[in-house]
Structure formats: C-alpha cells, structure tokens
Amino acid sequence: MFREDSPEEECGVLGIFAPKEDVARMAYFGLSALQHRGQEAAGIAVSDGQTLRLHKDIGLVSQVFDPLTLSKIKGDFAIGHTRYSTTGSSSARNAQPFLIDTQYGPIALAHNGNLINAAELRQELLKKGIGLSSTSDTEVMTMMLACSKGDTWFDRLKDAILHWKGAFSLVILTRDQVFAVRDPWGFHPLNVGMLPGGGHVAASEVGALRTLGCEAYREVLPGEIIALSNTAMIAFQAVPIPEQTAFCTFENIYFSRPDNVFDGKSVHAIRQRLGENLAKESPVEADVVIPVPDSSIPAAIGFSRESGIPYNDGFIKNRYIGRTFIEPNDSLRQLGIALKYNVIMENVLDKRVVMVDDSIVRGNTTGPLIQLLKAAGVKEVHLRITCPPIKHPCFMGVDMGTYDELIAHRCTVDEICRKVGADSLSYLSLQGMMSAIGREEGYCNACFTGLYPIPPTIGMTKTGFEQSIGE
Amino acid sequence: MFREDSPEEECGVLGIFAPKEDVARMAYFGLSALQHRGQEAAGIAVSDGQTLRLHKDIGLVSQVFDPLTLSKIKGDFAIGHTRYSTTGSSSARNAQPFLIDTQYGPIALAHNGNLINAAELRQELLKKGIGLSSTSDTEVMTMMLACSKGDTWFDRLKDAILHWKGAFSLVILTRDQVFAVRDPWGFHPLNVGMLPGGGHVAASEVGALRTLGCEAYREVLPGEIIALSNTAMIAFQAVPIPEQTAFCTFENIYFSRPDNVFDGKSVHAIRQRLGENLAKESPVEADVVIPVPDSSIPAAIGFSRESGIPYNDGFIKNRYIGRTFIEPNDSLRQLGIALKYNVIMENVLDKRVVMVDDSIVRGNTTGPLIQLLKAAGVKEVHLRITCPPIKHPCFMGVDMGTYDELIAHRCTVDEICRKVGADSLSYLSLQGMMSAIGREEGYCNACFTGLYPIPPTIGMTKTGFEQSIGE
Amino acid sequence: MFREDSPEEECGVLGIFAPKEDVARMAYFGLSALQHRGQEAAGIAVSDGQTLRLHKDIGLVSQVFDPLTLSKIKGDFAIGHTRYSTTGSSSARNAQPFLIDTQYGPIALAHNGNLINAAELRQELLKKGIGLSSTSDTEVMTMMLACSKGDTWFDRLKDAILHWKGAFSLVILTRDQVFAVRDPWGFHPLNVGMLPGGGHVAASEVGALRTLGCEAYREVLPGEIIALSNTAMIAFQAVPIPEQTAFCTFENIYFSRPDNVFDGKSVHAIRQRLGENLAKESPVEADVVIPVPDSSIPAAIGFSRESGIPYNDGFIKNRYIGRTFIEPNDSLRQLGIALKYNVIMENVLDKRVVMVDDSIVRGNTTGPLIQLLKAAGVKEVHLRITCPPIKHPCFMGVDMGTYDELIAHRCTVDEICRKVGADSLSYLSLQGMMSAIGREEGYCNACFTGLYPIPPTIGMTKTGFEQSIGE
Amino acid sequence: MFREDSPEEECGVLGIFAPKEDVARMAYFGLSALQHRGQEAAGIAVSDGQTLRLHKDIGLVSQVFDPLTLSKIKGDFAIGHTRYSTTGSSSARNAQPFLIDTQYGPIALAHNGNLINAAELRQELLKKGIGLSSTSDTEVMTMMLACSKGDTWFDRLKDAILHWKGAFSLVILTRDQVFAVRDPWGFHPLNVGMLPGGGHVAASEVGALRTLGCEAYREVLPGEIIALSNTAMIAFQAVPIPEQTAFCTFENIYFSRPDNVFDGKSVHAIRQRLGENLAKESPVEADVVIPVPDSSIPAAIGFSRESGIPYNDGFIKNRYIGRTFIEPNDSLRQLGIALKYNVIMENVLDKRVVMVDDSIVRGNTTGPLIQLLKAAGVKEVHLRITCPPIKHPCFMGVDMGTYDELIAHRCTVDEICRKVGADSLSYLSLQGMMSAIGREEGYCNACFTGLYPIPPTIGMTKTGFEQSIGE
C-alpha cells in the first residue's frame, strides 16, 4: 500500500577512468548520487588493467558495499549501476553490471533503458547455442558483444549497437577501457565529465559528475560512443541521429534530480516553467500553492511565481516509512496515505489550496491526499498536474503500469476530478509542457499521445523468459 | 566528515494504550514518524496485561523490527523509543526502553531529555547496593522507581519525580498502564491524543499522533503525569509548574518536524515568522532567497515573503549519503560537503543570494556551502541565521558540543562572516526570535545567553560512568 | 524432533589473567574448547585495569565474535561464558557474562550451575528496591555482590557466597582481578592453570586450559575462591567443604569432554571403566560392541575390552543436521532419527550387537536407533546403559526434564526394554558406576536416587519471573 | 594455520524426482548428509515442470537455506550441490548448480570432479561467441549442453559427454527430468536409489540416499546416464566403459563417509582392512593403537584387531575451531595444532603408541601431533599411514597441492620420519592397499604412482580464467 503513484525508472549508470585513484570508492559515492534512479540493487565492476572484479547485490548502495568489499575491487577503471526492479523480478540474478569472459577478454556492462527487440535478440542468441542465466535484456547485450565480429571492442560495439532497438544508456568496462554509449534516440540521459586530477567520468546525471568533482561536462550525444581511457576522451558518432530524437519527457517531469541537465536545459528551471505555464493555462483564485513533496516543489514555486499566490509547504512526508516490510494492521490501513504524509494544518486551514503534482499514473494516492487536506479544514483543493493525462504504457524502461492500470486511460478529466475529490483539476497541455521544455519536437511523448517513436512489438514484456527460469 | 553541523536531539518517545489493537505494530509506525529525533537505536516494550516483553537494538526503526519480531511482542499497552546517541556511547546497552522486574512487578521506561543531577542520583543508587548495567540516566530513573515507596505506581512516580532535575519527557509501561510524564520546566515536547477506536497515544510530536489516526490531542503540561489505561485519560499535576517554564527554543528552530505543535503553536508557522523577522531586522538587496535544506525551508519561505525577494531551491541534498561508513579517498575528501550537497546552478548563477540557515554550531559546513555557491557563479552570498549566535553548551539533552567547539564562543559575528566567506552575515536577535515564537519568556535560551534555567553542576557529563563500564 | 535424548548442561566458564597478552583473543579460543558445554549464547568481558567492556550474543562462539568485535575489548583480564539455554528462555537478555557498575566499581560475572534458593534471593533483592532486568540467577548473584558489605571484592565475595545454595562454578571480573569460585558441594568442575608466559587461566574443563597452553593445572576446590591477578595465584577456602561433597556424576557419564579431569580422575578412563563394569555386571553373548556416537565411545571400548567382543563403529552421525531450523516434511518425519544417524550395515549385518549408550532420559531416540539396526539386518540388539535409570529431575543446572518426561520414572526396566525393542536391556548399577568413578560417596546421584544433597524447595523453577518479563 | 593436512574434495551432488513431495526440503536434508564433501557453498535448483528456480550461496547448507528460501523453490524435480573451493576461488559466482535458459528450455547442472580438457573446451565456447560468467568447468559443461545438437536433452547429453575428458559425477535438471551422469572412468562415486513413496534419488554417497529413506540403491555405472522422471528409472550406457576404470582410491582412504559403498564395497570395511594390512606389513611392539580423528578411526580399529594391540582414543578434536576467521595471537600461534587437538593423557602416558593416520599430504600437522603426544609423556610414537606416499598432484578434482607442496615428493620416508619426530614410520604398500580394497586394478592411483589414467595437459589449472575475471 505504500507504493507511490509514480512512474518508476529502471536504473542509473556510472563509468570512471581515474588512473591512480581508488575508482571503486569513487564509484560508491557516484552511485550514491544516482540512488534516486534505482533503490533495489547496486553493483560495481572494476578493472586493474588485467582482471575484472565485480560486487553486486540487492539493497541500497550503502547496504551492498562496505569497506572490506570495496577494498577487494581496486583498479583504474570502473562501472557501476543502481537498479529499480519491476515487480516480479526482484532477483539478485538480474542485478547489474553483468560480467563475462569472452574470446576477446573479459567485459562488463550496465544498462539504463529497455530494448524493445530484446525477445527477438534473445531467441537469436539461444538459437546460436548460447545459454542465458537471467531474464535481463542487459545480459542479451553483453552476450551479443561476446559474439560480435571486429578487431577491437570499439569495432564490435559499433556493430552490435546497430541491432539494438530501444532505450539504452550504457557503460561498458573492458580490461583497459570504459565506454559510454547512448542510443540514437537519446531516450535517457548520459553525461561525461572531466576529473581535475586526470581521467573522466560518465554518469546518468550531472549531479553524480559534480559529486565526484568533475569540472567540465557534456551530454553523450544520441548514437555516440565515448571511450574513457586516456587524458583525452575519444568520441565517435556510431549511429547517425535519427530525424527525430526521442528524449524522455518524464526525465524532466519526474525522474531526474532537479540539478540535472538534460538536452542542454536545467531540469529545475524546466519544472519551474511547467508550473508557470500551468498557472497561465489554468488559473484559479486561491490562497496558497502547495507541492506534493518532493518532486513537485519546483513546479509549485513556478506556479506561485506566475500566479502571485503565495507558496508554502502543505505536506510533511515521512522519509522513513517508504521501504518498510511491515504491513499495517486494519485500523492503520484505513489511515492509508496518512501514514506517510502529514498535513501542516496551520498553512492550509480555511484556505483555498492549489495542490501541484507532477503526474497522476494509477490515481491511488491523489484522492487520499486531497482527503487529508479536506480533513484538515481546507476550503477548496484545486489540483494542477504538470503534464498531460498519461494514457499509454511505456516500453522504454519506465514502469507506468498497463493500460488497465492507467486512470486516464479509463476516465475523463472530469471523472478523475470527481474520483479524487478535487474542486477543480487541470492538466498541463502538451504544448504548454513542450514550451516549458523549450522544444516543439524531438521528445518521446508516447505515454501521453500513444505515438511511439519505435513501434511496440509482441514479446516486449519479460513474461516469457521468466517462465523458464523463475525468480 | 559527513556529520552535519547541527545540534542533535537525544530521543523521541511514544506510548500507546489501545485495547484490541496490535500495539506493537502501531508503535512501529508511530516511531517511524519520530525517526528524525533519533536514528541510532530503537525499541518497543509491550504489555499484555501480565507480561512485559521488549525488543530493542541499534539501527533505524525499519532495521530493528521485522514482522517476526513484532509478532512476538503483542499486547494492549506499549511504549517505544528512538535514540540519538552522543559520541562514544553508541552501545546497544544504552538503547531504550529499559525493562526491569521490581518488587512491584515489571516496569519499562523510555526517556527524552537529560537529568542534570543524574551523577548524584546514580551515586545514591550505587550506595544503596544497586548495580547499574548502563551509563544512561534512564536506567537511573527506572531503578529509582523500583526502590520508591508508595502503594501504586502513580504514587511512586509522584515521589520519584520530585528528585529529578532536568529535562524529561517520559513514557512508562507497567503491566496495565502507560504513563506520560513531562518535567516541570517543560523542556521537550510531549503530547497525548485520542484514538477514534478507543485508547490513547502519547508521543513527542503531534505528527506521530496524527500518523496513528488520533483525532484530538493536547500537550502534556509541564509537571503533569497522565495515565493511559482507560477510556478516559487520567491527568494529574504532580509538580507545580515553576515560575518560569523552560521550553527548548531549539525545538522550534530545528528539532521538531515542522508539522509539530509546541507550546500551542505551529512549528512551521514559527519558522516562517523567524524568516520574516530576519528579513525585517537584516534586509539586503538580493535576487533570490535559498534555504539550506531541509530544516531552513520554512524560514526561507518567510524571508522571501517579507522581503519580496523570490524564493527558490539552491541546493540539492543527497539523502542517501548521510549514514555511510565508507571513508572517501583523498581527492574526494577535498570535495567535502560537495559529496552531500549539489548546487542547482541555473537558480543562482550571477545572482545575489540570501542563504537562510537555522543555526551555526561548529561552523564546519557553512563555509564549504558558501564556497559551492561561489564556485557555481553566485555574485554575492548573504548569510541569514534564524537564531542568535550559539555560545553555550546544552545540558538538557541536546548535543551542541563543548565551549571549545562552538564557533560563536570563540569568534565575533564579523570573524565568522570572514571565516565562512559570506558577503554579509546576520543572526536573528533574541527579541526577534522570541517575537516569532510569540512569547517573551518561559523558554530556555541558555545556549544563546548562558542563563541556565537549572544551574549546571559538576558531573553532568557521563564520562565518569563510561570509565567504569566501557561501550 | 532433532533434539537429542540427552541431559543438557547449562554452561562453560572461563577466566584469564594474562598481562601483555590479547586476553579477548585467548578467551575466544578458550571458549571454543568449552563450546560443547553450551551452544546457544556466548560472551566475553574484558578489563584493561580501568574499564570493563563486554560483548555477548546468541550463537556459537564463532558466530558471536569476529575480529572487529574482539579488537574492541582489549585488556589484561577476561572472563567468558558459553551458554546452554533451557527451553523458553532463549533470550539474548539472559546471555552471560553480566556486567554492572556498583558502588565499588564495575564487576562482571559468569556462572555454570543453578542456585536452588534463587527465587528467595531474588525476592530479597526486589524488596530492597533493586530492579532486575533478566530471569537469570546469575544476575541475582551479581546484584548481591553490588550490595554486599566488605572492604574488598574478596571480602564481599566471602560474604555473598554464604547465602548461595546450589551449584555454582563462577568466574568474576573486576577492574584488576579475576576470581574463580566453586560452590562448597563442588557440583560442577572448575580448574585453574598457569600460563608459561605468566598469568593464569580458570576454566570449566582442563581441555580449555591445555588449548591455551597451560602447563600446570589443578581443580578449584569446593568452597574455594581463587584470585588471578599476580604471578602467584591466591587461593582461599571461603566455605568449609561440607561433610559430603556432591560432585555431579553426570559430568563423568556425559557432560565433560573425555579429556577432562574431574575429582582427580580422567573422564575418558572413567568411561572405559564404566563399560568394563557394565560388561562384568551384564555380560551377553554377542558378535560386536558398538557405541552410540559420540559420548559412548570410551564406554564401548571398555565393554569390548572386558568382554572380548570386538569393538566397531555401528552408526555414522551426521554432524551437520543437529541445529537446523528446517522442519522435515511428512515423509521425512517418518524417517525420524534416520535423518541424523546412518547404520554402517556391513559392520552389523547378521550380527548380535551390544549397543552401548550413556543414558536414557526421555527415551525418544533409543527405540528408533534400535529399529535402524534391525532394519539393517541385525540379529539381536543388547542395550547396555552406563548408568542406573534416571528417575528424578535435576535442580543443579542440568536439564533432565520433569518427572513426567523421564521414562524410567514411569516404566520398569523390562517395560523400557520392550518399548525400545531391545532383545535385552541392562543398566549399570549404582555400585558399578561408583566403582568405575573410584569413590563410594561424595557424588550427587540425585537423578538416580532422589536423594538431593540440598533439599529442593518451591519456586526453584524460573516460571515466576518469566511471567513478569517475558522472553 | 587451521587448515588440515588432508586432500580436499570438490563436491557432493544430489538429484531428486519425487512427485507430490517438497523436493527442496528433501534436497536440504540430503545435502546435509553430503556436507562433508564440501563446506564452502551450497545450492538447490528445483523445477515444478515449467519453471526452474535456484538458490545458492556461500556457507554451510544450514546457513544458505532457511524456511522462507525453501518455500520459494517448490516442485517435483531438484538437484543440489555442496562445494569445496580450491584456494583463490571462493566466490559466490562459482557456487553450483548453474542455471541457464537455452534454445531448448532451461537447464541446471551440478558437478563433482574436474575436466582436464576444460581450458580447451572453454576456448572453443568463447570462440563461438559465448560469454562465460565464471571460472568453473561446470559452466563450460552447461553451455556445451546449450549448444549441442540433438532432439532431446538425452540426445544432447549423449553428444556432449563424448567431449568431456576427466572426472564428472553430474546431476542435471531440466523442466521435467533429472539426469545422473558418471564419467566413463568412474572417478568419483554416484548412486541412485528408490523412494518408497515413488520417485528416485541420485547422490554422491549412499548415506544421502539412506537419509532420504531410499530402500534400494545401486551405483551409477561408469559412462552411464540415468534419467529420473518416472516410476521406472531409465538407464543408458552412453559411453563404453574403458578397458580400465579409474575409481578414485582416495574415496576409500579419506573422502567418503565410512557408511558409503563404492565399487560395491563398504568403505568402513575397506578402511578396517587397510589397518589390518598395515599391521601385517609393518608390525610393531606397542601398548596402544590410536587414530587421528575422525577419518582414521576404522583403520585404527583394524590395526588393533590384527595386531592384538588395544585400541583407544588418544586425541580429542575440537569440532568448533575449524572454520574460524579469528587469527590467534603470537603465543597461541606457537601452540599451533594444540588449539585443535588435545591429548587424552591417561590413555597414552608412558606408553608405546601406534598412531594411525590416513595420509600425509603436506606434512604440516603430523609433526605437531607427535609433539603433542611426546609432551604428554608418550614413550614411543610409531606412525602408520594407510596408503603409500603421495608424490603427485591430482587433476581430477582433488586438491592435493602442487608437487612442491607434497612432502613425499621432496623427502624419503626416512626423512619424513625424522622431520615429524616419529620413532618409526611405515606407509601401506600399493599392494597392501589394493588388497584391502579387493581389486588389483581399475583404480586411479596417480597420486602415488604418477601414472595418470588420462594424461595431464597444459592449461589444466584455472589460473588463466581467473586472470580475466577475478574472484
């Protein structure tokens, strides 16, 4: 019952080349800055130039690693991963990075995204007589590198990348190189930065680069392969950028930490503008603007700024109750969301409240939050959502739920408004959202529009594999 | 190095009488809402009317308890505790509640605060031939109840309370009662609330009461003993309230969660007024007001509101790096605070920034935070602190550090301003602070003024005991 | 179902004074040699001359301690304990040693045995206003030392010991001394030995002394207090030895490791003589003598030697299945004892077998073992037991079970023989047993005779306390 | 320093088909009976007819599995494994069974033995483009099955087996079958038995079959594949038995539990005859025969029986100190073997002792044991070894050490006798050993003779792989 009504990201990835540094320790702190992108499993693989060593397990970064563990994986090259697991596959076997020995030497790989042709590629590998030990598309990619042709890892990577359809922000570790690779559509972010003492870092988000002290950084371009193994990075446009990129809009709406930069723009600034545009599109007479913490704070600040309605905190979120395995008893279960959110009464009592939230996915927490406000003596609740209604599932690595689960697939905006008990409900329009982002196109808005940048195919779900080797 | 520069609270306490409910499970969720008051150890003691059972250990509430553990401590009466440990005594032996069998039957006790005459009381107990298994003043209180005279626990409690000098918000469990007790000075908060299904809850903060669904609540008065064991609570003024109460100002400045109510006032509202008064007292020309997250957010909102300078986020705090046991390597150590805070550049670049913080204790994080801002291209940093300079240690259960550690004991405001690299620094005046709180007196401001409501005596530190039985 | 049908010992104790050595580490290895006396909990307390430090927990010695834990408890003086727990009180709270601070400084205590007047002493302590945190008689003893009169620990110990009725082999740690104390009846063993590099060790069994390299050793006399804190041990006869000592016969029959020396005699040699006497008293025509491993091996060797019937292994015991928490499913449950013992068929097929066992307590494993032999094709099974029928419970620290549980309390020897399916059954006579031990009196044979050396009183069980503070 | 001077076995394997039973639970108890064959890691894979599920980890069977874990892997078919790890590869990654999905569906495999052509086969797989995630030859075998041709698993297995040179006792799990496979040389044991309630079990040793209640059993023949999936087992001679089988002599000398049956003969009986033949070949005037516990007990019984010299225990072995991670301090280190073995003085004092041991590998514990005896007052020590000198390493899955480590490779018998401080030393002759076993040929005696049944080749060690993916 404590599951938040949010889309959920698959992963954060990290790659480091830092000669003379303890890269495992750096990876530990870098992954901590990517922990929000995946809290189920974590792993680090390190190369000392000769041998690749790996440690990964289920848990937060701080639970998976201790000083002893880190001391056993020393070297100059590292990749790391934090994983969010979709329901039903919370197995240690699917933790990343994947590490294998190949005819070309050892290789490890960590992945953020989802291949839509994974089932097909998997069948091709199996038919070649290759056995697969997990249900992950990442193992498929790793094995494809093992059987690619080409003289160098760079060549083989160029070859393999052409077969991968879908979202992949990758870091790859060989004996003496770290590669950062981004799919040609550019679905998810990937950045590289320079360490002041020499070496480079690649990471899903800019925050991780800054946490490690990087002084200059840029995004890995869609379709680009970047090799980190020298004073100078080597960048190569492996696949031409398609006519239309497909940056994931939801990185701006929800996933990225607000200090990230995506497609050249500050995520925090975009979220403020989302709030501003929402205030322009759907103004309302009210006394206070409150966010649903934490992700909606920048948008609520923007809404307040544009509307002139004062900004204030309305909810306190209990940060410690999220990952509990204790089931509440019956009377606590009736409290529901109140176990996790408390209203700051004095800030909302007898007021007309604008409640800003980033999105409504399944719709199971919005109603209870509004009830909490009403029970606390709020006069009116005007719900404002910083994106359009989510009507379609995602196949690119984001767990939005199925068609049946999506409330906006089943209900009109009016129906949703009644269901959640709001006095008014407005979603931001697609145009308003894209104008806040600052582009008209080049983004994947399939969850709003159903227009998938790569057409979905049968077998995209993982059910088939999981029937063979259960988790 | 990751230690925050904040005063640190000793504990949160919780008591529950809920016939026909699973009180251990309720206590679990209630303690989760008090986790911010102590993250080192947690414990729950339960009575089923006959037998008292206890589970406690080092760790967060969610680490100490699992479904199996909770299933073993069932009953109608419970008390619980979350503990912050002062340096050097992070022993499981000092975890609370304390549970003992006595001539009057079993009793358990959990405590928030500090007795300043604990050393003296401890010596008296030892001289009576009583052995003590910990260094905690809570064990002293528990043993005093075991050897008090009187016909009922209520009588014995009335007797013992007269000997206790200092801060104590207590919950006490006997076979068939839960008591909530607050010292006559009222240092730390303690509240009681009514469960809709019958029964009552006592808790350090109102947030915990609301998390458990309490519908009506009030503060336990200074010097009051309240018994929870019937449909109606029984309240008794055991010690007359002294001429001057001594509510801890820092509960308003920093400790309490902002949804708490203390001395009849909303903590969030007080913090907003602290910011407003600060803006009035120490105005400055600037472009943006930013908080040091999370505790300074309400004050920064207030500063913005009063000054008209826009409010925005300036820092992102990494929530996952706080409790790590991994030491950074040398080059990461140089980054220092940057491992934990990242600047949102676009929000502060080229701007004159008002940085609002709740307090400066040792002064070791303020400078690095300002450096982060300057490195991100901030034009000016105007530091505003929502309380006066902290010049004196606390002996009532708050870990402020020693005289030597307190930067404001050693340096003038100008010197501090230069040390931390701010372009200007203003503290809120005592008057400004008390006006935000809404009282002129009745509060303990000893850390600012050195005027201790109970004169400190020799032996208040725990060093003596710890030399006998090490931790 | 895996519970062996054996009486179970309460504890092993260890004390070390070893200047300039790492006594915690020594204690670790010493306790490992006492692990067979108690496998439920383990603890070590150490003094560095100033501070006492303690670590104890549930588990085997090797599970409770790791290098980090040991490194935190350094000093010159140590005591240690391995605990066997009676059913229902497997609580960490009852693990030993107990450590408290007293008016005379800190003290820790570890105990093997049982006080029969514990309930009475406990009530006296409670009435004095002392609270007790466990249900253990060891805490009672520790608290009595805290409130004893006298100028030195030695004096106070002399005083307290006079009030203790029952079995106690004790080690006591103060800031600068280790005491070894044995009750005047001498129920359980306690030995002291000299370290070649200086210092002394006290231990329940000689094996632990030899494991630590002691070169000379002797038994602590009944009623003797020995202080280990100098080059020379100081020994003092604190209580006169009573007319009759009451050495526990079962130490010879079963508890002690066969390399122990008890009452001046080798346990292994005694057990061989038990077998020899059994062969003399109850000869039988047979082809092979087999032990029930491991405790009956020496007696079976003796039986073979006296009878001339060849000795051989008949059973293999699975050493890894003993402490499992996995319940077998139904079809495995029917196998019962076969999960733990396998017959070596070739050694017994078509043979008349003498099966030597040390004792029959509840009688639940003897029958199944005989069935295993019969199923393997044995012609006849002649069961020989190396002690008389056990008809009475023990109140001195050995878990024999209650009257109702003891098969020999309910059934005659003939009935038992039929029940277990043996072709003949003989117990060793009391005279035969004592002649093997080499004494006619001075031993406690209450479990055979019902003649308790100290008359049992009401309240000797712990149930009363456990109702107050559950476990 | 606690490493025993014994050859060490690689593994125990187990396979179960038991319709309507909880096969995971059965596998748990079966593996417990194979724990002596490998104590580093354990694993169980189960099929419910559709999905294969796996749990494996480092630790004893009782540490790797708990009720929750077992409840997650339910089905009708299971295989299990206990692993002994050679130094340097104690990685969870090498734990077994291996489980992969293939073009033919999922498959899991567990292996006892060693392929001498593993390096070559590994290179072939890598060249095919297959990536390997471990350094284990078992993964090589599993992957070869994934890329074998043939219509059924049976066909593919017949094909693959022809390429495997070396020792392999295998159990293989598919969706609806369990296979038991033994290499044509028959190096290590493998048995199958019938469950009374229906179904069959395969296991390395007969003891495990009896622990699970099997009523009839036979050895899997060299080169045989047996399928367990029906009321009737299906057996197939996949590879013709070579002119000479190569049963591992050391299974009789040391590895197998004495209740095992190997090559049709009772291991306990063989060991007795080894002792008898040793007494015939190398008689000596002495007062007592003692074993080095536990493995030499049957041989010492045999020596005693043949020589007429009385048998007795001479050493007590501390069962709890074997797997400790605590390093002894300097003065304890000097004690060396005395930490683990104590002498039963009374049994050997002033006596001429025959000390029977199964083998001398590196020779590092024999000398200290003899010193212990001498220090305890033994008059003479006559060392008798139940096999010839070990002069050559094993490449078939037994960790004998390298040529340099083997004391008999470097020293003559006389030199060894002087080094270990014995008064006389005799090894059993090859003829004497084989006569005890009851065969003249068909056994692998390469460690004694250097005559390897399959010639060793370059690359048989695992170093190469481990340089790629470290552990």
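The chains carry the letters A, B, C and D, assigned in the order they are written, with residues numbered from 1 in each.
Convention: a residue touches a chain if its C-beta (ideal position, glycine included) is under 8 Å from a C-beta of that chain, and two chains touch if they have at least 3 such contacts.
These are the chains along with the protein names UniProt gives them: A, B, C, D = Amidophosphoribosyltransferase.
Because the structure is predicted, anything quoted here is derived from the model rather than measured.
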Using the touch definition up top, find the fewest steps from chain A to chain C.
2
Looking at Cα centroids only, farthest away from chain D lies chain B
Using mean CA coordinates as chain centres, what's the chain C-chain D distance in Å?
35
How many angstrom lie between the centres of chain A and chain D, each centre taken as the mean Cα position?
49
Distance from the mean Cα position of chain D to that of chain B, given in whole angstrom
60
Set of chain C residues in contact with two or more other chains:
none
Going by the contact rule set out above, which residues of chain A touch chain D in the complex?
50-54, 93, 98-103, 105-107, 123, 126-133, 135, 142-143, 145-148, 465-471
Chain C residues within the chain D interface of the complex:
21-22, 25-26, 28-29, 32-33, 35-36, 60-62, 65-67, 70, 195, 197, 207, 210-213, 257-259, 266, 268-269, 272, 297-298, 301, 305, 310-313, 316, 318-321, 323-329, 331-332, 334-335, 338-339, 342-347
